[in-house]
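To start, the structure under review is shown below, and the notes come after it.
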Amino acid sequence: MVVTREISFDEMGKQLLIIVSLLAIMIILSAIAAIYSQSPSLIANFATTLFVSSTVLNALLGYFLGRRKVERISLISIFINSVLCIIGAYLIFENVVLIYNNIKTKPTVTHFEVALTVPILLIIITYIASELTEKRIPEKYWRTARILGDRVRGIISSAGLAIIGPTGAFFGVRIMDPFFAIFVVLYAVIECWRTIGEIRFVRKKNNLLQTLEKVAEETFKAIPAIHSVETEYMDVAGHFIVIHLQATVSKILEEEYIESIADFMLTELIDRLGTVIYLRILIGTKEPKKVIIAVPVMDSETVASFPSEKTAIITLEYPSGRVLNKEIIDLKFDEYEKIPEAKAVEKLAKKNVLIIGAKSINEIAERVARHWFIEVIKLDKEKIEEVIETIKQNLAQ
Amino acid sequence: MSTRNKEILKIRNLYVNFYTYAGVVKAINGVDLDVYEGEVISLVGETGCGKTVTSRAITRLIPPPGRIEKGEILFRKNSEWIDLLKLDENELRKIRGDEIAYIFQDPSSALDPLYTTGYQIAETMVVHDKADWDEAWKKAIELLRETMIPAPEERVKTYPHELSGGMKQRVVISIALSNDPKILIADEPTTNVDVTIQAELIDLLKELQKKKGTTIMLITHNMGLVAEIADRVAVMYAGNVVEIADIWTIFEEPLHPYTKGLLACVPDPLKKIERLEPIPGTIPNLIYPPPGCRFHPRCPKAMDICKKQRSPRVEIAPGHFVECWLFVSEEERKEAEKSG
Amino acid sequence: MAKPLIEVKDLKKYFPVRRFLLSKDYVKAVDGVTFTIYKGECLGVVGESGSGKTTLGRTILRLIEPTAGDIIYDGKSILKLKGEELKEFRRKAQMVFQDPFSSLDPRMTIFDIILEGPRIHNIDVGDPEEFVVKMLETVGLKREHIYRYPHEFSGGQKQRIAIARALAVNPEFIVLDEPTSALDVSVQASILNMLKDLQKKFGLTYMFISHDLAVVKYMSNRIATMYVGKFVEIANSDKMFEEPLHPYTMMLLDALPIPNPKITRAKKRKEIVGEPPSPIHLPPGCRFYPRCPYAMPICKAREPPLVEVEKDREVACWLYQ
C-alpha cells in the first residue's frame, strides 16, 4: 500500500491561480496607465509590476509544472526572470531619458482620469492579493506565503509613489511629475535587483540538493521503519522549491504508523527547507530483508519484563526466520533519568529494532514504542528461543 | 574545606555612609569579612542589608553621595597585602576588571549596544595590556565557547540586542573572566532570568570555578542558589554581618535569630509546609538606626544589653562566627554592661 | 463536590504586530487554554517569561478582550456581558498586580483608594472612615495610615493596600499576578500567610500566577504549568512535585534551586538545551519538541492535546497518549 502527502490544490494551487489573475489585471492596468498618460511615474510603475510578477510566475511554475515533474523548470525560471529584467531595464532606461527631457520641457500629463485612478485600483487589488496570501495559505507554509506576499505588496509602494507626480500635475505643478518619477524609478531598480536575486538563488540549487540529502540521511533513516528515502525530483523556481520524495518502509508496519511517518516527513522537510511551493511524499512498503527484534532478558536465556538491564538484539532473516545475529546490550540508565523506559525504547529504535517481544511491558514504554514505530508483542514464554519462534510465526502471517 | 586555603581578601572594620537629602544613611556599620582563595562565598540578606554596597566598596565603586568612611580592604596581590582603599585611582583601575571582576544583575546595561560582543570581550583584555587585538579576539571566541554559547565564531560578530537574556549574561561572564580574575563578584546575576536559564548559568559558574579555581563572591537573596553553589555564607542585616558559617552549618544549625528567621520564611518546595513564619517588624531606617544591635526590635530573644551595645563577634566553632549577645559568655557580657 | 466557578474554554489572545504595509504577524500570547477553577480553591499558574501567564490573568478578567474562546463565570459567559451585568462581574472578580509601586494612584490617599471601589459599585459601607480602618486592619495596617499617600509606604505595605482595595468590594474571585515577586523574603512570607487567611475567612477563590514554583506550591491546591501560550500540565500541587509528568514540568523542577544543600547538591541536572520558540510562528508539532529529552517523531508532526491521563491530572504529551 502507498501513503501520499502533498501540498494540495486547495491549500496552494487555487490561491496561486487567483493571485496570478489579479496580477494580470494589474499589469494590464499599469500598461494602460503608462501608455495613455505618458507620465514617467507611471511608466516606472509599470516596470515594477513586471519585476514583481517574476515571483508570482515562479510560484506558478514551481507549483503546476513542478507537480508534473517537468524537467528543468529552473531554466525556465531563469529565462522568465531574464526576459522580465531586460524589458524592465529597457523601460527604465527610456524612462530616465524621458524624465530628463520632461524636466526641461514640462509637458502635461494626458488622460488624468487614467493616471489618477489606476494607482488607486492597483493599491486595492494588491490589498486583496495580500489578504489572500496571509489568510488563505495555511500557516504551515508561512515562509512561502511571506515571500509571495511581500513581493506583491511592493506594488503598493510603487503605486503610492507614482500617484504623487500626476496629482501634482493635475493641480498645475507640472514639475512634480518628472521629479517624483525619479523616486518611482529608484524603487523600480530595487525591484529589478530582487528579480535578479531570484536568478542567483536558482543557481545555488545544488546546495539545496545537498541539504535535502543530508536531511534524508540523518533524520529519516534514523527511524528504523524507514528503509530508504529517494529524491525522485527536486528543482527550484525563483525562491521556491519543488520536491518529490519517495520512501519505502517495512511491509510489516501497521497503517497508522505509516500515516504518522508521513506527517513527520512532511513537517520535517518544510521545516528544514523553508520556501517549499510543492511537495509530494510517497511512502511505499517493501518486504524487508531482515527484521531486528529486541527481547529483554534476565540472563542470556530467560525472558524478562521490559525494560530490563540487559536486552537481547536478534537479527532475523526475512522471510526465512533464520537467526543472522544475536547480541546482548546494556540498557542501564543512571538514577537521575526520570523516564528510563522512554530512553530505553529510543535506544532500541536507533538500533533499527522493529519488534519488541517481552513478557510484559509498562504502559509508557509501550506507548513510546508505538510512537517510534516499533511493534510490541507480549508473550508468556520463558526462553528466548521460544520467543523467537513465536515471532517468526507471527511474521509468517 | 576552604579554611585551609589562604585568604585572598580581608575586609576590616568597613563603614560606609550615604549623605542624602533625607539624612545620613549609615549603610555599612562595621563589616569584617575574610574571603579564602578558590572558595565560593555568598553574601545573603534582604533589601538594605548592605551586601551590594559591601561588594562594591571592595573596589571603591561607591559613587557620591556614598562615602567610605573608614576601614581596610586588604587584597593579596603577589603574596603581598595591599589596602585597596589606599590605592590611587590609576592603580585601582588596573585591578578592577583584571584581578577583581564583576557581574551584575542586568546584562543589558552591562553591554554596550553599539559594539559587537567580541569587541567588548577583547577590549577588556587589551585595556589591561593582557593581549593585543588579534590575540584578544581569538581568546574571546574561546571564552564564548567555554561559556557554552553555540557557534562562537559567528557570535563574536553579533551585537548585544541580537542575544537573549541568558546569552547576554553568558557574554557578561565571558567579559568578566577574560583576564582570569582572582575574584569574581556576582551581584544577583540571575534575578532577572528564568528558572531554567538560571540553572544553566549557575551550572556554568560552578564548572568554570572548578576549572579555573576562581574565587567567587555571590550576592543574592535566593537561599536556593546559595544552597547550590556556596561553600560559605555570610548573612548580613542592616549593614552588619551577623553570622558566617559553612554551607552545611548555616542551613542545619543556624545560630543568629535573624538567620533562623530568614530560613524559616523561605518556602522549600520539597517539604510540606503548613505555614511560613515571617519575621515580625520591618527593616530599620538606617538614617536613625536602632541603638545597639540593629536587629533587636525584631528579635524574639532580645535582652537589655542588645538595646544598648552591639555584640562582639564570637567564634562558636572553627569557621562559625556569630555576632549576638546570646553567644557571648556571661563574664564578657557583664564586662561590657559595666563599661557601658 | 466542588463547584466550578470559572470555566475557560479554548481561550486565545493574539496581539497583532504590524510588520509594514498590510502585513501583520500575530504574537500568540495565549493560544488555546482550557481549564476550570473550582470555588474556594487556589489554582497556581506557573511559567517562565513569554509563557503568556500574565496575559491569561488579564484576559480572564476581561481587562483585555480575548481573540477567541469563552470564559464562563458562575454559569454565565462573561464575553457577552454589558452595562450593569459587566460592572457586577468586575466587582466580583478582582486583580492584584505585581508592581505595588505603579498600581496605586500616587495622587490619592489610602482612604480614597480603598473607597473608590465601593463608590463605583454603589456599595453601602456605613461610616466610610470606620470601613476603611476595618479594611486596613484586615490586611495588617493601622488606623493612622488612612490619610497617607502611597509613596509613604514600603513595598510590602503597598501590596497590602492593593489587597485591601481588592477586598473592599467584597469579591468572590481574585487573580494575583506575581503579588510578592518584588518583595523581600520575610515580607513575602507574611503577605502569603495573610492571603491564605483571607481566603479561608472570606471564602475566596484565587488564581495565583507566578514564576516562583516554591511560592506557587505553598499557596495553591492545584498547579498548571504554562509553556508558550498553552497549558502543558495541570495537577494537584503535591502530586506535581512528587511526580511531574510533562518533560517541561520536569525541567522546571530540576532547575529549581532547593534551599537545602544536602538535596540540591546530590541531584544531577539534565542539561537544559535551547530556548522557547517564537510565539509568532510556532512549529506545527509540540512546542517543547526542540528542548525535550524524550522527543519522538510524532512530537514534531502533531501537537498533543491536553487530556486527563489519570485522575485529576491533565498532561499534553505523547508519552501519555
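Which chain is which? They are A, B and C, in the order written, and residues in each are numbered from 1.
Simple rule for what comes next: a residue touches a chain if its C-beta (ideal position, glycine included) is under 8 Å from a C-beta of that chain, and two chains touch if they have at least 3 such contacts.
Source: prediction; values computed, not measured.
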* Hey, what chains does chain A share as contacts with chain C? -> none
* By C-alpha centroids, what is the most central chain here? -> C
* Structure fact -> Distance between the CA centroids of chain A and chain C (whole Å) is 39
* Using CA atom averages as chain centres, what separation in Å is found between chain A and chain B? -> 53
* Just give me the whole-number Å value for how far the CA centre of chain B lies from that of chain C. => 33
* Which residues of chain B touch chain C in the complex? -> 46-47, 164, 166, 194-196, 198-200, 202-203, 221-228, 247-248, 251, 261-263, 265-270, 272-273, 275-279, 282-283
* **Residue ranges of chain C in contact with chain A within the complex** => 21-24, 250, 267-268, 270, 281, 283-285, 293-294, 296-302, 318-321
* Can you check the complex and tell me which residues of chain A touch chain C? => 126-127, 130-131, 134, 139-140, 142, 146, 149-150, 153, 156-157, 223, 260-261, 263-264, 266-268, 271, 334, 336, 338-339, 342-343, 346, 364, 367-368, 371-373
* Going by the contact rule at the top, pick out the chain C residues touching chain B in the complex. => 48-49, 154, 156, 184-190, 192-193, 196, 211, 213-215, 217-218, 238, 241, 251-265, 269, 272, 275
